[in-house]
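What follows is chain A paired twice: with chain B in the first complex and chain C in the second.
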Partner chain A sequence: MAYEKVNECYIVKDLYYAVEDNTWVRVNDDGTVTIGMTDVAQSLAGPILHAKAKKPGMHRKKGKPIATVESGKWVGPVKSPVSGEIVEINEELAKDARVLNKSPYYKGWIIKMKPDNLEADLADLVTGDAAVEAYRAKIEKDGVTCTHIEGTEEPA
Partner chain B sequence: MEDLEGKKILVIQTHGVDTPTRTYSPIYYAIAAAAMEMEVMIWFTMNGTNQLKKGEAEKVSLKPESGVTLKTMLDMALDNDVKLAVCQQSLELWDMKPEDLIEGVEILGATSIIDLALEYDHVMYF
Partner chain C sequence: MTREAVRWIDAGHAGAFRSQAIYHGLAHARASDTPDTIVWVQPSEPYVCVGYHQQPEAEVNLAWCRRIGLPVIQRETGGGMVYIDSNQVFAQWVFAPERLPRRVDQRFGLFVRALAEALAPLGLEATLGPPNDLHIGGRKVSGTGAAAIGRAEVVTGNYLLDFDYEAMQQVLAAPHPAFAKAFAEALARWLTTLRRELGHPPAPEVLKRHYREACSRVLQRPVVAGTWTPEEEVAIAQMEARFAGQQARWQELAQKPQPAGVRAVKVQAGVWVATAPIEGADGEVRWLTLRTRDRRIDQAVWSGPPADMPPARLEALGRMLHLVEMDEAEVLEVAEAWWQLHDVSRSVLRPELLADAIARIRKAAPRAPFAAGRYLPKGEN
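And then the complex of A and B:
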């Protein structure tokens, strides 16, 4: 299976994760990366009301915010797991931020970035079974159980 | 929109545990500003001071089913590098000593608020 479920939280195996920041990276064929927030992140935030991504053209260092996300009970930055230039933002988020809840790994992607040094940044992230195990440890430590709103898509 | 990174926002909170519905939003706005990479300080004075007494903010919850208390919000603010400061004179109003304060709160005198108000880019009063 291309994904695993831990305490109801989906972890898609072909993504790279910054587990502490609850973000993921998808490596695209054209040299860009797509970045988003995880199922754990959307569960902790609850139904998301607004999401505002930084502008295309902006350079972000790893760890700096690429977006701010607001729910009724939480507001915070989405920290970039890699350094690079933002080349595209997901315009759908401005229309309906709940797509972050319903499809955090697919339709709810946040930005696309042209990375500065992807190889070095990926070395600090986890993927595949290692990601599942890292998340299992975090989920157990933090006592997280993921929740999904109506219309949530199961990962492919 | 101009780049907001590095702008400084001062939030003045005068509402405390006796009026829960007036306590959450100022902290929420402060965290939002911090998430937008601004430098943010919340200055607690008047009734606002009493939420900083150890054990008090945990008792305040707008929606109990959410599991989010006022203490959760204060912790979230600190996690996002929002500075928390309390007016020294207001501690006396509530018979509070420095050791009664939750972790992470700076005590400043009344003259500091004047300096800060002039120094910061914008001041929000609640």
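And then the complex of A and C:
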């Protein structure tokens, strides 16, 4: 199966994860990467009302915010799991940020980035079964159960 | 769970910028060995504060604020625009992320519990108005906000000792007077104060003592008086300067005309006042202003040029829309029934225009994740 569910949290196996920051990276064929927040992140945040991504053309270092999200009066950053230049942002987020709750791995992607040194950055991330195990440990440690009160798109 | 002491900083009275700068500065300066901190501070002067994702020019009457010299501060926490003055006291938590609940709703729940418990010795039964308000008898008596700032998680809230409803109405950016009036009426209905509940405002010193004790109980940690470090003081001063620097930007924005579109303001979770322009078949723009509760129409008011019918017929439509769900099809059905019942079929206010306006309002006033209807003000149904 291409994904696993731990405490109702979806973990898609072909993505790379920065587990502590709850972000994911998808490697695209054109050399760019797509970045978003995880199912765990949207569950912890709750219904997201606003999302504002940094502008295309900006260079962001790994660990620096690429976007801010707001749910129920809480504002938090989405930290970049890789360094690079933002080449595209998901315009749909400005129209309805709840897509981050409904489809965190697909329609709710946040930015696309041209990475500086993808190989080095990916080495610090986890993927596949290692990602599932890392999340299983984190979810148990933090006592997280994912919720999908906005409905969810089941991973492919 | 840690039993490590929480630092309590009584910041006394503080000017507009400083009252916001303290928690921002403490959060930005937070190091791994910084204790979790609770700040108690009372603003000494009025100002307006807007949320991180808000557009101040759309929310605040910046020209009016400029004219009377009222500072406007855009904070890093979420939530909406608020009018603040010395009749409010703030509690501001600046904690290590791992020492607060991970889920945002649970974090607010903990914070609001401390606010509520501090009111019990005063004889007030306050409860959480989900997701993050403090209610007495279904009316909001405290605003909250939160953010991840630097290496800290921040949660802030206030007690309304008293509230200047008129000033709040004045600072609100309102496209027309009917909207401002509807907002003021909604505030009076859904917002309360400790003065209103007790018959007099509580002594801030007494409330402070109860709040500090409540924090200790809720967090199950000692809360020990302390002060900020020189490094934190520098960070606070930097934030003060940043907020002061924002004023020039608001002066620029105050001169820009705002587009006339849908305007929606949340009064409390699930309760909105919103207005939308309707261009009638005669080319005139009229405004439909709704007060909505839990996605149902509580009140509908028209304003603008007179419509081509007696006012009583428009009032009849308002009555027919009462408690109707803000669903385009349902509204259309009601509006068409109104057309037939009241012989207004040649009116410039066509049902589909009305349904479209309500659909636009619905989009601008998103539903609350928790039903507001369960938390009705005393004497309401």
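As a convention for this text, the second predicted complex is superposed on the first by the 153 of 156 C-alpha atoms of A that agree within 3 Å, B and C clash if a C-alpha of one lies under 4 Å from a C-alpha of the other, contacts with A are read in each partner's own complex, and residues count from 1 in each chain.
Note that a contact is a pair of C-beta atoms (placed from the backbone, for glycine too) under 8 Å apart; a residue touches a chain by one contact, two chains touch by 3 or more.
Computed from a predicted structure; not experimentally measured.
Aligning the two structures on chain A places chain B and chain C in clashing positions. Of the two partner chains, chain C is the only one touched by A:142; chain B is not. Measured by the number of chain A residues touched, the leading partner among chain B and chain C is C.
Look at A:44: by the touch rule set out above, it reaches chain C but stays clear of chain B.
Of the two partner chains, both chain B and chain C are touched by A:75.
In the superposition on chain A, A:64 contacts chain B only, with no contact to chain C. Of 22-30, 256-264, 292-300 or 328-336, the segment of chain C running into chain B after the two structures are fitted on chain A is 22-30. 46, 68, 70, 72-77 are the residues of chain A that lie in the contact sets of both chain B and chain C, per the superposition on chain A.
Chain C meets chain A in the complex at residues 51-53, 76-79, 102-105, 107-108, 131-132, 144-148, 366, 369. Only residues 46, 64-65, 68, 70, 72-77 of chain A touch chain B when the two sit together in their complex. By the touch criterion given at the top, residues 43-47, 49-50, 52, 68, 70-77, 142-144, 149 of chain A touch chain C in their complex. Within the complex formed with chain A, the residues of chain B that make contact are 28, 31-32, 35-37, 63, 66, 68, 76, 80.
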